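Listed next: structures, encoded as structure tokens.
Next come two complexes, and both contain subunit A; in the first it sits with subunit B, in the second with subunit C.
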Partner chain A sequence: MSRVYLYALLSGTPACETGVGVCSERLRVVALGDLVAVVGDVGELPAPTALTLRAQDAVLRRLCAAVDAVLPVRFGTLVADDAALAESLAPRRPELARALGRISGCEQMTVRVWGEAPAAAPPPVAVEGGPGTRYLAGRRRAREWIHRVPELEPARRGLADLVREERVERHDRPPLLATVQHLVPRGAVGRYLDAIDGARAGLRPWRVSVTGPWPAYAFVDEAA
Partner chain B sequence: MTAPTRVAAREILETADDSLLDLIDNLLNRGVMISGEVVLGLAGVDLIYLRLQAMLCAADRVTSREAP
Partner chain C sequence: MSARRPPIEVREIDSLRAELERQASLAETPRWNADPEEVQRSVARLVLTLVEFVRQLLERQAIRRLEGGTLTTEETEAVGVALMRLEETVRDLAGRFGLEPEELNLDLGPLGRLL
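== the complex of A and B ==
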């Protein structure tokens, strides 16, 4: 018995041929109100191999070339049938539509920051109040820190006009210090890479590596 | 977690090139999750991702457009 493997949610029906999926199955589209799902009918769950991961990425890239907004779905997402798919997505259609609006016309660039040690966190500001207040202030500083990448500051000016949104994941386990995902307009990748390259000297002692463009894998969190 | 998933986890990371590491990160760690889904054994995915993190932290494997 086949089940429905979900690849992506789109803002509209792709103009192109959707082609085949990770199990060489022919893909089809399922209209769900203002969303369109791209699915395949598979007999069993595909194992996460290099071949299947590349195949799924290829499906998403093909869709990105044909539609303005593509929300990638996590690898290995399987539902019983189209009705189960519609039922799962129904309560979330508004937020998914908003997410599609945010990523429309954009793609993802991934920056990894490397170095022997992270930039020093700003010194704590003296906080009035008792130990509870100081504790909470410390927690807030820590929470803010995990969303900051001061190592990238020298590149900020050059990237300012190109980055629509940013997601930060601090690792602070040298040599990998942070992973930063940038949502950039399609067609701006060349200028983005030039901006990074132009900032490399100023970024030292930290180094950055850049990969992309990718489908907007990291910018679906509001819909997750 | 099924045994095949564990084997797949080991094999994929042992043979991963730079672009595949980012692909693993994107496809297994990100993307829309929907309720009622059947995800490949969660423990298997965790295993892959933990090993990915270890590899990324062990060496600068993602080297495209890296500083000279």
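== the complex of A and C ==
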């Protein structure tokens, strides 16, 4: 018995042929009100191998070339049938529509920051009060810090007009120090890369590597 | 992936691979293990994950109220001490069961990870 494999949610029906999916199945489009789902009918859940992950990425890239907003869905998302798909998405349609609006016309660039050690955290500000007050102040600082990449500051000015949204993940095992995901307007990737290249000297002693453009994988976690 | 790629050092690739392997191991579906010791550890992991989840929620709320200026000095101190002791307790109990802090998490399937 086949089940429905969900690849992506779109802002509109793709003008192009949707092609085939990870199991070489023919993909089809399911209209769900103002959302469009791209699905395939598969016999069993494909294993997450390099081959199948690349196949899923190829599907998403094909869709990105045809539609303004493509919300990638987690690899291996299966539902029983189209009715179950509609039912599972119905309560979340407003937030999914908002997520599609956020990524519309954009693609993802990934910056990895490398170095022997991270930039030093700012010295803690002296906090008056007892251990509980100091603990809470420290936790507040730590929460702010995990969303910051001071190593990338020299590139900020050049990127300011190109980055619509940013996601940061810090790592604690050098030389990989941080992964930064940027949502960049389509067509601006060349300028984005020029801005990074122009800032490389100022970024030392840290190095950055850039990959992309990608479908907006890092910008769908709350929604899809 | 048409972006320009400056050369990446081998140790940088090793570092990236280690990070990917760490994340993949966290995403692995836990399997049932009939070893009694392992049962205790699994239950402890689940319970401590839920406690840690609640602790982080309380911490966020406390920080939000601190920033909003709706906590008095005494309340800030009391909440801070309570959260500090709760964190120490979770770490202590996790350590007794050989659990690393990053193991205190749950994969919620399509909803992502709990923490």
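FYI, the second predicted complex is superposed on the first by the 223 of 224 C-alpha atoms of A that agree within 3 Å, B and C clash if a C-alpha of one lies under 4 Å from a C-alpha of the other, contacts with A are read in each partner's own complex, and residues count from 1 in each chain.
Just so it is clear, a contact is a pair of C-beta atoms (placed from the backbone, for glycine too) under 8 Å apart; a residue touches a chain by one contact, two chains touch by 3 or more.
Model, not experiment: these values are computed from the prediction.
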item: Subunit B versus subunit C as contact partner of A:Arg54, first or second or both or neither; value: first
item: First (subunit B), second (subunit C), both or neither touched by A:Val210; value: both
item: Subunit B versus subunit C, judged by how many residues of subunit A each one touches; value: B
item: Partner chain in contact with A:Leu71 - subunit B first, subunit C second, else both or neither; value: first
item: Partner chain in contact with A:Val189 - subunit B first, subunit C second, else both or neither; value: second
item: Partner chain in contact with A:Thr133 - subunit B first, subunit C second, else both or neither; value: second
item: First (subunit B), second (subunit C), both or neither touched by A:Met109; value: second
item: Touched partner set for A:Ala84, first subunit B, second subunit C, both or neither; value: first
item: Contacts of A:His171 with subunit B and subunit C, given as first, second, both or neither; value: both
item: A:Cys23 touches, of subunit B and subunit C: first, second, both or neither?; value: neither
item: Shared subunit A contacts, counted only where both subunit B and subunit C touch the same residue; value: 73-74, 77, 112, 114, 171, 173-176, 193, 197, 200, 207, 209-211, 214, 224
item: Touching residues (chain side subunit B, partner subunit A) in the complex; value: 4-5, 8-9, 11-12, 15-16, 18-20, 22-28, 30-40, 44-45, 48, 53, 56-57, 59-60, 62-67
item: List of subunit C residues in touch with subunit A within their complex; value: 1-6, 8-9, 11-12, 15-16, 18-19, 59-60, 62-63, 66-67, 73, 76-84, 110, 112
item: Residues of subunit A touching subunit C in the complex; value: 73-74, 77, 109, 112, 114, 129-136, 139-140, 143, 171, 173-176, 189, 193, 197, 200, 207, 209-214, 221, 224
item: Touch list for subunit A against partner subunit B, complex; value: 3, 6, 9, 45-50, 53-54, 56-57, 71-79, 84, 87-89, 92, 96, 99, 110, 112, 114, 171, 173-176, 179, 193, 196-197, 200, 203-204, 207-211, 214-215, 217-218, 220, 223-224
